[in-house]
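By written order: A, B, C, D, E, F, G and H. Residues from 1 in each chain.
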């Protein structure tokens, strides 16, 4: 078969496998979704363009689309059809993930992180367009930064934002470089290098544009918190 | 003055500033150490070669050296001179950081992570030389991996180890590429790219050879755990 | 003339020249095919998109298409029109080529390898979607790996699979990096470097996405086996 | 002859040619200095290691050394031997160049900029070790930044400082990336890309470690100011 | 909200924020323009393709388009509708920005610089197509170069022009590499490196194709001139 | 412990683990050798400089040195002390590995391949200094090429030799790029890319300077031959 | 004006300026052509796609198109409309340029070289598809190689052909890397590096895909020959 | 044997093989020299450091050293021991090679070109230190440029000189990038790219620091001239 779904994953790592939409045919995605919905209440696919969503929707009627995040999901067991996630407040993990973006154009990646986290049962706060060129926009939000349990910081161009945030914050910072920029940004290489070389220690970097991976890591951290809380 | 010690840092981020030994003169290091010892019980410097340690030691008599980690430290308030850290077991943060290395040659970076974590008040378990070329060496240690609160995985050459560990683990993974290798390793570029592109989500990557940064991030995660535990 | 077909090649190297479809006009491909069919029973072209196949088919009525592999071929001397290869089991070379792929998206490259090998007279076993993020999927297939005479391992993203396979296997491993991935994969540079730096010795690497070349090398190995067998 | 001294340069561009010490023999440097001292009151050489200075000094008795800047100079027409520059306050150009550095290790480059500017007749203010990891160190110096006519901002590692400074400043910013860092800094490539991609417009970037070039550009700007002032 | 307009910017840096059109939807651009027109007499957006302009124009009737510069602007308070800028000669800043381009294909970037400067209140002189392959074309314009207060030099391919201009000029040079070229130009990397390594000191480099940033830096320099003039 | 010797390896892959001398202390190497000599008749270490050999020899009296290959080995069970390998002709695997090098300077890498193969029980033929600039030197050796069961082709600079050899040969070709060259060779990147892009299919590439890995792969191929021969 | 045609160029360098079609509008090309036809008998534009040619042709009725070379030209003073060049045999420069290409896909670049040379008054011989994978195809043409006054060798993929040709030839070799290939060819970087590192001395390399530049250099060499012949 | 001297080379290409000193032992060089002196009147070795020369000289008493070019040579058949070349003026090839260098530090490479050409029987004119930052230095030498039959232009840093020279010259230009520079010069990558992208057509580029190869190509051109002259 063309796909071996890793059903043990949720048991091992706490997260079910998620479909990476890029480079799969509509048929392949639908087949995988149908297998996965047997086992997990949220079936999620990333990197889904609007046109692909429309094609999927015509076959999978309970499919939900989060356009700005390019994510679609089947959410089973919702209490009402308007619900964007299947969780009640009580079911959410303890702690808050604050997602910060540097510029307007970084939004799709930042939303990919935010929606992935929300669909995985975490509470998210968003702070958009607070790049370092106008540092007061960030400093005005010191309280929000201080309240975070984990921070996901998304930035393209020179990618300096995670360094400044990590200098202000008291929690782990996950840095996501984006391919936003031109010329010597080299499709995100510039912010990637910036983040890896940060003079603020305590930053974990993920791949360029990988909002998904940042959310999984943030979630992994909050799940660790939860384990200790319960023990 | 040539250095502005960031004394607020401990307040803001929970970790005091640490001296990066590379490219500083012995005189500069001693001056900074003497200022820092006024305020913090552990004064730490990384990337200290044996010769530099000898020069420092002749001026700073209570300096301790962790040779395999290339770290030296002043530890004030030790109960006995043999103590390698100033903490009693009760004072340690909850949770265990498991540090895993792929090859013998990755040891200095792995020890930099381990010692930094221990000097910052965290409990560490080491697992050395379990590279993916002999996967059974890793699989034999599944229990240790499962017991970790955070994992730091250090690997040079092709850097595949964090992907495999993250597929087995149930906690956040911090990946540290090393410059060990030759030819197309391009001084650590190869394992760096490997780790950033991992098909296992939930991995945060730090700079090549940056054992220190990995430990700070791991510590940041366990401090978040501790905050919730106390609340 | 625009093309000098290398008719000596089959004599020298045991494989006839194969048409690289990329960047050739339909007319050029047909002309070359018609010259080649005079001399060899299997005429093969790689990197043929579906639209190009349709155009070729309307001129070359006995053309066969292997869509997932993007290969088309004229197979002369088939016993029945349904045959996908011109060989009977007895005519196949001794030994089995096991082709392994890491992810669903690597399939076109893996199939290019498999079909090229089958059309050249080799026996192939396929094992798809067993990437290292869920290592048990690979470990469950240890017997298949052990039974291989040669292994072709195809992987994109971080490309760690060949290292793990070579650590388990008892036969030569040919590693094929793919351009599947994004961001710091840099169109396949990441898995290419991974494979070249593998800590498992005994791996030969071919170009990014070059399933064809991997199959030719695997075939060359089995032809060497056959020479000794006959001697 | 091995060197064609560009004597027109001072006429054309306002700055005499300066000797780039790197890769020249002591003999070559002395010969060029002796020709140049005929025409200009300040003869300057950059990238001079202490050992080279000692060799030069034994031949050129009025040579001055600025060790932290790795510069040596012949200053003719000083009023007293202790003078570090030949200018009285009145002779200095209008305006102040503020030189800012991110870390202690960036000092040689920052001093190269500062001393070059001072030897060329400009007033300089230094602000050292105010990297973005502790942003308050920079914010505490807003007045100094506001008082600058031109800013030279020197930073290694991730090189984020110029972006933040340019967001606060009301004058041109010249950014100097340094080769300070390791791993993915790639000898200064990381901060170079950061500075070129800055989301703060109004930043001119010079080569890695090129404190000299930054000072010449800053001087060129203040000379333009002076031209208008005189007109 | 998706955008936090940095209204303090004009106060801090003297230039209002400008909309970077790339990757924004028409709706987003219109919304931001409408907010910005409340506060500033010139609202400017860069990187606007003709089709996007047409869409914007149908909603924003007083929008002006500078096609060769790919800029559109709302200019409030013009004395007559034909005016391309809102300034009278008397209102312009002192000094002249000379914009020089190497080849015909560099024009869009050179015009981006020129129009940005003109819309910001500066006087501009253009000199097009004077690349170093026919050096006499440049030498014939020595007077224009000498008359400049600041020079912006735009070049693709090998990017040698700024070095030659800076050797002739008596004012600051801002170098803009363009992505014009092919093969080993690597989308502008070649001229970028050329400009950073210039043997003519006194050159500040901006990002590939960043005519906008060059104009802001040139303007910053002339505003510094103006401050002294007034004092 | 700092090293986990992979004793299963010989069982799994047919080759015992070999010590990579680079970056290990003399003490570490001796300790590992002493453990390994308990289990295998040939204990081998690569990348051993003459000085390191001398230090090792003073502790390990039966150590043998192959200077041009930078390899040292303990060979147990030799019939006479002069023997360079422990094998009689009859014990060697069937088939011949022909090792070809392009230039005199490639010799250390070519010898690393040859000696590794000989110490592993394979028959080797050497052909040195037959680079493509004088193609007749290669064409004069067509018979040797035709007689090979496997070819290892070692080349630096432009690395064109494997392409030509593979066009002439009737057996698998393993290509080893070397770091010999300067300038745009970028420490072996140039021949590495050449070999990966070869228009001759059937070439497996190993890391830059990795003569060891090439020999292991060649051996793996001949062991596959042997398996069939026996069966 | 947007273009300063370098009319002195023919006087200085012997070749009139040629229009680089890439990135120019049809209008710009026509305007430049009309100015140039006043002064030179052959007006030539490179990188003209078929569609652009059709648009140009409708305005410039005497335009000629060389499709495989992507060149169009106005040839004034032809004796008959079928003439592809304006020269009689007697008018051609002495000597022959032999243009050699490695693969079928390299043809457009090879033809760009050949047509440029022919339109500039040189005699050309073509040898197509003689890549090193089948070296006999090249060796069969030793006489043609020996008869050349200058050789232009065009190759993509690994670009080994110029090294082999230069080893056989007795005249200057100009090497043209092409962007033909995929994966680790990195758009022509691989053959470019190959050619620069050639172990055969006496090769001058031009930019990737720059058939035009190769022809101008070859012509420059034959014009030098001609100068001496006349003297 | 470790070296296969290519004795046919002089017959085929007109130049005897030359020893590349880099990475060869003194013994190897002497052995090769002694073989070569049997067949050719000038035996030449490049990249010879002073210390290596001294070692060689003690064994080869008639060895000559050209220190600034790092070349040593045995010149047989000199009329007097002071002769630096074995040729009388009449024996020299027709035409003059003009070697131009941009900076003092480029001299070793420029001299390598000049001495190689002189030892091969060509007439050379040198023009040193005429970089583009002071263009008048070059323009003052227009007559020399015009008198050249071939030009070799050597430049490091930004490498702009060949573009300007080719725009002035009427003969073929060979461009040699050097590794002189720092930071973003990336060991000569910057001038290499500059030269490959030159907007002046008719430039052939050789490897970084390859003065030798430039001389061989220049010689090849003049030998072609000579062939026609004789015919």
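Note that contacts are C-beta pairs under 8 Å (C-beta built on N, C-alpha and C of every residue); 3 or more make two chains touch, one makes a residue touch a chain.
Just so we're clear, the structure is a prediction, and the values are computed from it rather than from any experiment.
Undergrad: Going only between touching chains, how few steps reach chain F from chain E?
TA: Shortest path length, in steps: 2.
Undergrad: Roughly how far is chain F from chain H, going centre to centre by Cα mean, in whole Å?
TA: Centre-to-centre distance between chain F and chain H: 37 Å.
Undergrad: Distance-wise, how many Å sit between the C-alpha centres of chain A and chain F, to the nearest whole number?
TA: Taking the mean C-alpha position of each chain, the two centres sit 47 Å apart.
Undergrad: Where the centres are mean C-alpha positions, what is the separation of chain B from chain C, in Å?
TA: Once rounded, the distance between the two centres reads 44 Å.
Undergrad: If I count partner chains per residue in chain D, which residues reach a count of at least 2?
TA: Correct list: 9, 133-134, 166-168, 183-185, 189, 192, 196-197, 207-208.
Undergrad: So, with touch as defined above, which chain pairs make the list?
TA: A-B, A-C, A-D, A-E, B-C, B-D, B-F, C-F, C-G, D-E, D-H, E-G, E-H, F-G, F-H, G-H
Undergrad: Considering only the defined contacts, which chain E positions touch chain G in the complex?
TA: Within the complex, chain E touches chain G at residues 104-105, 107, 128-130, 133-134, 136-137, 180, 182-185.
Undergrad: Across the complex, what residues on chain D touch chain H?
TA: Those residues of chain D that touch chain H are 1-4, 6, 8-9, 20, 22-24, 28, 177, 179, 187-189, 192, 207-210.
Undergrad: Can you list the chain B residues touching chain A in their complex?
TA: Touching chain A from chain B are residues 9, 12-15, 18, 94-95, 149-150, 166-174, 192, 196-197, 201-208, 212-213, 216-217, 219-221, 223-225, 227-229.
Undergrad: Quick one: which bits of chain H touch chain E in the complex? Just the residue numbers, please.
TA: 102-103, 131-135, 139, 157-160, 163-164, 166-168, 181, 183-186, 189-191, 193-200
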